[in-house]
Amino acid sequence: MRRRKFGALWMILPLYVFTLIFVAGPLIYMIALSFAEANEVHGVNWIFTLDNYRKILEPVYLDTFLQSFRLAVTSTAIICLVGYPFGYFMARMPESRRKKTMLFLMLPFWVNSLIRLYGWIIILQKKGILNHILQSLGLIEKPISFLYSYPAIVFGMVYALLPFMILSVYSSAEKMDWSLVEAARDLGASRTKAFWTVTFKLTVPGLLSGIILTFIPSMGLFFIADILGGNKIVLVGSLIQEQMTRAGNWPFAAAMAVVMMVLTTIMIVMYRRISHVKEVEGIG
Amino acid sequence: MKKIATGVLCAALAASSMTVPVLADDQEMVLYTWEGMFPQEVLDGFQEETGIKLIYSNFDTDETMLEKLSMAKGGDYDVIIADDYIIEAVVQEGLAEKLDKEKLTGYDNINPLYQGQFYDPDDEYTVPYGAGIPLIVYDPEMVDIEIKGYSDLWNPELEDSIALTANYRVINGITNLTLGKSMNEEDVDSIKETGEKLLELAPNVRLIQDDNTQNALLSGEASVAFLYTSQVMAALAENPDLQVVYPEEGLGFGIMGMFIASDAPNKDAAYQFVDYILQPEIAAQCFDYMGYYCTNKAADELVDPKLVVPDSVSSGEIVQNVSQEAEEQYNKNWTEFRAACD
Amino acid sequence: MNENRMKKNSKFAGFYLGLIFFLMYLPIGVVVVFSFNESKLPVRFTSFSTQWYEKLFHNSAMLEALCNSLILGVLSCLISAVIGTLGAVGLSRIHWKTKGVMEYISILPLMTPEIILGMVLMAFFYMLNLPFGMLTLLIGHTIFCVPYILMEVKARLAGMDPALEEAARDLGASPFRAFQDITLPLIMPAVLSGSLLAFAMSMDDVVISIFINGPKVSTLPIKVYTQLKTGVTPEINALCTIMLGVTLIALVLYFLVRRIGKKNRME
């Protein structure tokens, strides 16, 4: 037993060292920053203050948090609905095709995300490809405005983050022992029941890591709201960006980042509680 | 699987290793600005003429530049080009070199219209490199009203049809101009009023975007757009029938300035570069490529006539740094405005 | 036999996968088409031209940046794969009180807005006196790549039977052997999918990179996203098209060679 622990110790050593130095260090600096005061010209004065947090409570900024959160929840829910079946079907493919599928799933990532979004604009714009097709099929008379709307942002988020969900679900469904499902069926469970009681339960860890990997970035990917949504939804990410840049108020930006981190953490913990998963990623 | 991955990676690495440039000269200098500010021929021309290897380094926002430059204590970078307002901070922090004008033979080519500005009142540190005036551009086929100034943007006829750039100081600024105030209004209560006026614009806004805003106008997503100069030029190049409006309430100016870092590793090369760009032929090439107003008087005859500021435009206001309280209120106005656009 | 029946996908599954793939590649097709567009603006296709390819080949800085991005992506992905995989496996075996905290801290970079992370990393590296350049970029990218691998591998390990490796150890295998022969093959799909995600993130990161790169090192995304003043040119479309083309050809060749190899062996 002792020897086994010793082996585990060597395995976690790089992670512990790396995390403590390069992740915890900068984050402590960030938290310290959030209690400092912005300098008039540039930089910060290291004077303790709670003003930055107080400011977040102003309705303008509270609204922004709410909007971001709503968008993240909506996007994540849709990503789950779309991505879970994909990951599940992928795990049921013959082995040789799984690897190909995985590679082709990631290939679009070779293309710069900005350029890919421009691709969508060309398809979705008023005089774009999609409207053209719909019109020539006689389905619509006037071109539809797809862009610069809430659904367009959600669509962009789903497009950008889907592979994270798919791959997470896939890697936990792939190891599943399908004979368990078979057994459930043999015991008289319906196909649906067998799925919910066996397959789904066993793939929850993957689903959860997928949710974490999609929910968190969807709070911050403001360039999607910018390009597909015409900046009409204010995300916390873009507020932070503005405070860091033109407004030059780092402490306020840092405070918003801390609040966002806390909120995300609460969300994940709550989700964990609700889904009753004991051994789950992320937060132990 | 492992083999595929290794195979792909090896191929990628092999392909990329061929592109590593051959270092010929030990003389080098770092140019630090946005990407796409110079045509490749100008960069190549400078390297050929002087034998100095030019390293073109980029930042995304002015603030990133200020951060990195102050961290390097004015070192690491040689020539920097950035926006007017940030140069004020750069100078205050002592990160810019006081120019030795003897070394700049082309210094007199500069158009004095762009000199003596707030960020460098005595022209000690900077050489202007391009100016911008955000203008209203519209498609007369899609707009029934005549647009003369900013105030027309509030016209209810234009519901859901305006594309705006995303610089919050500029958008607040034109609202100020509409209300007959300065773009740089400092009084917080007055700025709050500006915010209320701005909110009334929200129903007309189709999108707010900083990059490639002109595309929305060209693709018919918007019928009116408030665009940066390079975007105005790009839009006109694609569709010459578009109407350009110099708003009657007054114009907002923006100037990009070129300066040498206070502790530049290769100052001689830096001076050579600035002087190279000051040559009228070279300057004209640069402005034509960028699509910003020509700041080099001697290049006015060589450059695309559209890039010479018309004589009728004699004055404009530059967005300057304001107090922190004012800045905060402008930012709040902006956030409220964006949320109201949805 | 039974297992086969259960695992076979229905026609609906095939249709579904096809549809999602179609949607994923739709904008990519547009990107490729517009790399041959005469006009600089991605609004409508004016006429066929290869000028952006010519411009790209004269833009040595862009190509150098691509090279840097590839090296950086591969290296940070490899390093974080090692740290993340070992870490996830190690964590599943210990029961310390600090374990949860540790896991939490290591995924925090995902929750931190990039611009803040970039800024604090810059200040932190400066404090440590690290020279800004490839090294700082590598550390920075590893910081946000580790969580992807850690999370994927953890999800895979959840509920896996530790008895397997224990059995191997009981049979006299060294810890290293047991890990290599038993655990690693089992978690390999997760390591791979995590690495692919990490590589994609590294290849697309701009905000963090821009703060922690040195004056002489640029990455491809930096060159793309800093074209703020004048707009992105279709040179990037051309570059992406070439990258896609090269990768596709390499993949197809690989699969062909393997298929022929298999056939020969069968005969």
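To keep things simple, chains are lettered A, B and C as they appear, and every chain counts its residues starting from 1.
Everything below uses one rule, namely that a residue touches a chain if its C-beta (ideal position, glycine included) is under 8 Å from a C-beta of that chain, and two chains touch if they have at least 3 such contacts.
In this text, all values refer to a predicted model and were calculated from it rather than measured experimentally.
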Touch graph across the chains, line, ring, star, complete or other? complete
Pick out whichever of the two, B-C or A-C, is joined by more C-beta pairs in contact. A-C
Nearest whole angstrom, what separates the Cα centre of chain B from the Cα centre of chain C? 34
Determine the centre-to-centre distance between chain A and chain C, using the mean Cα coordinates as centres, and give it in whole Å. 16
Going through chain A residue by residue, note those that touch at least 2 other chains and give them in order. 103, 118, 121, 127, 244-245
Multi-chain contacts in chain B: which residues touch at least two other chains? 1, 4, 64, 210-212, 215, 219
Expected list for chain C, residues touching two or more other chains, is 42-44, 119, 123, 192, 224-225, 232, 247, 251
Touch list for chain C against partner chain B, complex: 39-44, 55, 58-61, 63-64, 66-67, 70-71, 74, 119, 122-123, 126, 132, 188, 192, 195, 206-207, 210-211, 214-216, 218, 222-233, 246-247, 250-251, 254
Which residues, counting only chain B, touch chain A once they are in their complex? 1, 4, 61-64, 66, 70, 89, 92-93, 163, 166-169, 205-212, 215, 219-221, 323-324, 327-328, 331-332, 334-336, 338-339, 341-342
Listed in rising order, chain A residues that touch chain B in their complex are 38, 40-43, 58, 60-61, 63-64, 67, 99, 103, 118, 121, 125-128, 145, 147-148, 150, 226-227, 230-234, 239, 242-249
Quick one: in the complex, what on chain B touches chain C? 1, 3-5, 7-9, 11-13, 15-17, 19-21, 30, 32, 34-37, 40, 44, 55-60, 64, 67-68, 71-72, 76-77, 210-212, 214-215, 218-219, 230-231, 234, 238, 256, 289-292
In the complex formed with chain C, which residues of chain A make contact? 3-5, 7-16, 18-20, 22-27, 29-30, 33, 82, 85-86, 89-90, 92-93, 100-123, 127, 129, 159, 162-164, 167-168, 170-172, 174-175, 178-179, 181-182, 185, 202, 205-206, 208-209, 212-213, 216-217, 220, 236-237, 240-241, 244-245, 250, 253-254, 257, 260-261, 264-265, 279-284
